[in-house]
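The first chain written gets the first letter, and so on, giving A, B, C and D; residue counts start at 1 in each chain.
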Amino acid sequence: MDSPSQTNVDRARLLITCVDRPGVVAAVSQLLYEHGANVVDSDQHTEPDDLRFFMRLEFDLPGLQERLAALEEAFLPVAQRFGMEWRLAPAARVKRMAVFVSKQDHCLQELLWLWKKGELAAHIPLVVSNHPDAREVVAPFGVPLHHIPVTASTKPQAEAAALELMKDHQVDLIVLARYMQIVSADFIERCGRPIINIHHSFLPAFVGANPYAAAHARGVKLIGATAHYVTAELDAGPIIEQDVHRVGHRDAVADLVRIGRRVERTVLARAVAWHLEDRVLPHGNKTVVFA
Amino acid sequence: MDSPSQTNVDRARLLITCVDRPGVVAAVSQLLYEHGANVVDSDQHTEPDDLRFFMRLEFDLPGLQERLAALEEAFLPVAQRFGMEWRLAPAARVKRMAVFVSKQDHCLQELLWLWKKGELAAHIPLVVSNHPDAREVVAPFGVPLHHIPVTASTKPQAEAAALELMKDHQVDLIVLARYMQIVSADFIERCGRPIINIHHSFLPAFVGANPYAAAHARGVKLIGATAHYVTAELDAGPIIEQDVHRVGHRDAVADLVRIGRRVERTVLARAVAWHLEDRVLPHGNKTVVFA
Amino acid sequence: MDSPSQTNVDRARLLITCVDRPGVVAAVSQLLYEHGANVVDSDQHTEPDDLRFFMRLEFDLPGLQERLAALEEAFLPVAQRFGMEWRLAPAARVKRMAVFVSKQDHCLQELLWLWKKGELAAHIPLVVSNHPDAREVVAPFGVPLHHIPVTASTKPQAEAAALELMKDHQVDLIVLARYMQIVSADFIERCGRPIINIHHSFLPAFVGANPYAAAHARGVKLIGATAHYVTAELDAGPIIEQDVHRVGHRDAVADLVRIGRRVERTVLARAVAWHLEDRVLPHGNKTVVFA
Amino acid sequence: MDSPSQTNVDRARLLITCVDRPGVVAAVSQLLYEHGANVVDSDQHTEPDDLRFFMRLEFDLPGLQERLAALEEAFLPVAQRFGMEWRLAPAARVKRMAVFVSKQDHCLQELLWLWKKGELAAHIPLVVSNHPDAREVVAPFGVPLHHIPVTASTKPQAEAAALELMKDHQVDLIVLARYMQIVSADFIERCGRPIINIHHSFLPAFVGANPYAAAHARGVKLIGATAHYVTAELDAGPIIEQDVHRVGHRDAVADLVRIGRRVERTVLARAVAWHLEDRVLPHGNKTVVFA
């Protein structure tokens, strides 16, 4: 895989979903070849259950910026012929990501670090928090923190304010990095942007609040974390990534919390990086991840 | 850890549970020392929530067999002083294990192999199955298969027959190695022996039937298996061991089944080995595992 | 991934290696499309260091057997145009695999068992051993054991006899499943068939004999196993798969051996399955694994 | 395990190493009991090869500070009777740790961040670097950076200056967090403090410089990191912790570097935390880790 930090102005990704039919790959390959594109990475998958076809192509095309419109136009008949949902994403069009956080700042920290190291291909125009605590964390990274307190009675206004910020900053992706407020179905719908959440359990086990306490009470031998897209149904959206870590009888709830922090950081960072590089294609309530 | 195959006639394990009080370890250590026992392994744990104390001591005592009764008698006052539940288990008193199986024989296979290699310190006087299919598997190991068919109407008689076999063969432990019948609460109670089950999911996710299909439908990125003691509540007994394996969008349900077989074999084998070596101490609905 | 047991007479795999040049994928896809092949799985990789291109295509073509020759003929000009090394492998042309073993039979056991479950797409016409011990293991599987004793003085004759057997049984793949003899450079060269070995360490650590003793002496915290193709240089051939398991100060060499057995079984089984499904493409002293 | 942040003024750890003899545990337990100490955690190990006995006891003793001297005095005869090497370490006597770093700052970052979260029971009086780059990293944590440039000709003076700093700041532990200078045998000897290094390979594979490039050239399928105590022989000191991560043919050297950063951070953090909590007992060129 290419390092996301070396953004190549001539590189783009083509994402395709359609019903699988013979000739799809041939048609796409031929068109890219004719336009002088050099495919550097390609991955495809056909879901046997519904014969849904997924493809991700990464290619270099000298002078991409000037030739993008022509390429898209040329691609239209192919897309129509196969009934494709498709998207052409230049690598240089880096996504704008807003991070939402509450008091626990370890996931925010991890994202900011990796971002600074060039491991996350994103702009981060703002961080939003219902607490002022994260101000100190974001300061060294030069990212502004917008403090939007939330109470039961002010939640609608708070969500409206957050939405306004998303529009103002032309945000492409929202990451809930241990944001301890349930975002409303209304927010999700009006937002219209993908939202990635990190849940501190191995979903679907321990849905809801206090998963580490629940895991401890059940006596599991592994704890986990799950990064998923947010949908109106709580903790039930498409899973992008999961991982676990071994625990034992010596570990109290506080230990699970501590051990879990590392798992959460890792899982969320992977999921966000994959999304930013257009590696995650939703498929109903599941995901195809071309990692 | 000692290889379970080299059964030492002078070796025993002392298992202790009581409320934690100062002086427990001193009293036990002193008594064993006075009797000339040489402690070769020791592990202890105090649960912070309820101050419950757990201890496992493995020791060598020359001439153990003749001296066991005297040691137990001497231990009585110490046990009473601290209100201990306790058990002295000579390593040479190898447990008698019955394996229950249905059509899927991979877990049975694994147990029989490991047993033959000396990795499971058990006698296996019989295998019980509701299907005749496993006959071929057990034959090379010289273990008799008892075929007890089960239908909705014959279940009580079938369970009674199985119970009779457990008594006749003086079974200490029942292992449900992908036995696809739900054992009744009545059976569990009348049986009075520990029963270990392998569940083909990362409990408490996907309780019940067809966990691999459920995992596939939810789009999880890891599948797991869980070995647990059987209680009257389905799939809710104390967990002994769990493990997982990574899966992805390319894996169909059949792949999860195949990948899961390996996880199931590993997890069940570990749990059974630990139980046979007296390394698992139940604690309410959880386990302390001194592995 | 498809279950290897459901061999499809209309399915084939196309393996390609060449210098990466624009148009490769388009040309191959177009040709398969024109011949009515339906691509069910496709994977490709370009090595950035030397711009070597690797591709594995799995496709269904109704009436494959009768149309194979025509397809190969039609493919020739494409192959020549791009300077391809290539191979068309019908899934129904199942590989013939010989397993070599010494006294330790756990890897042999695992392979036979997976083979019987349909997880290894192979014929196993024979097992070769320098000891007679494995006879009991292979008997239930109906595979003949050829006992070829090896001493320092008889090694050339023993290798000649083994080579003769490979020819007689038209063996496609040799698997050294803990075969404790070093096969000579002469054998490897004259054999001309791929040979997969399982080494009981995380190569390149602990090359040579007694790796578990060496790992114990070094005090490592993880032990591993490595499946690799055999080349004239001992333990230095292309690695196909590796895995590890955690160990600690409580584990003696005998424990490492026991724990290692499980890792060896898993690693070798994966590597052999991948090879049998034409998923492993050698590249100098490395491998591209399309798993 | 207890969270290291809640430093308990009444808590201490007793570390013991001696030749294993009957009565050791009884004598130690009895003495602690008589002094009113409440053992909260205990772990022991006897190395079968040389019958070396290791023990770590964690206990609470009300009024520890005033009673420590008396307890040590009372322990002396027990220690002499069994020929013990031993150490009584109050948890409140937090170790003073110096971190050495070069340009790669991810391990330094991880340590500082965990330290701030209370996961590392240490004082960090200073960071030493042969480059000025880390200044920005340490600033938000209020830790001074001492920039000591090193060239071939100035190395002796540089090491002398570093030694002076260790003395001035009463440093207990040095952590080489990707410090890319080989510390001389002379420095190690004169320093007389434990030094923990993170090596970016799964030692003993890829000893020396550029391990990721070497791993890539060898085509391994897992990359690792190793935290070990530094001895005069390069990369050969006692291993404290290791871990690995899966890689494949798609990963270039730059990807191994990126993936490896996460492994390095995790492995070093665990090793340092264990050392700070007196959980690591050296044993020749190996370690006993009571984690």
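Keep this in mind: a contact is a pair of C-beta atoms (placed from the backbone, for glycine too) under 8 Å apart; a residue touches a chain by one contact, two chains touch by 3 or more.
Just so it is clear, the model here is predicted, and its values are computed rather than measured.
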If you check the contacts of subunit A and subunit B, which chains show up for both? C, D
So which chain is the furthest away from subunit A, centre to centre on CA atoms? B
Let me have the rounded angstrom distance from the C-alpha centre of subunit C over to the C-alpha centre of subunit D, please. 42
Using Cα averages as centroids, what's the distance between subunit B and subunit D in whole Å? 37
Among the residues of subunit C, pick out those that touch two or more other chains and give their numbers. 250, 252
What is the shape of the graph in which nodes denote protein chains and edges denote touching chain pairs (line, ring, star, complete, other)? complete
In the complex of these two chains, what residues of subunit D are touching subunit C? 45, 47-49, 54, 202-206, 218-222, 224, 238-244, 248-250, 252, 283, 285-289
Contact set on subunit B toward subunit D in their complex: 22-23, 25-26, 29-30, 32-33, 36-44, 46
Subunit D-touching residues of subunit A, taken from the complex the two chains share: 1, 3, 106, 109, 113, 117, 119, 136, 139-140, 250-252, 254-255, 258, 261-262, 266
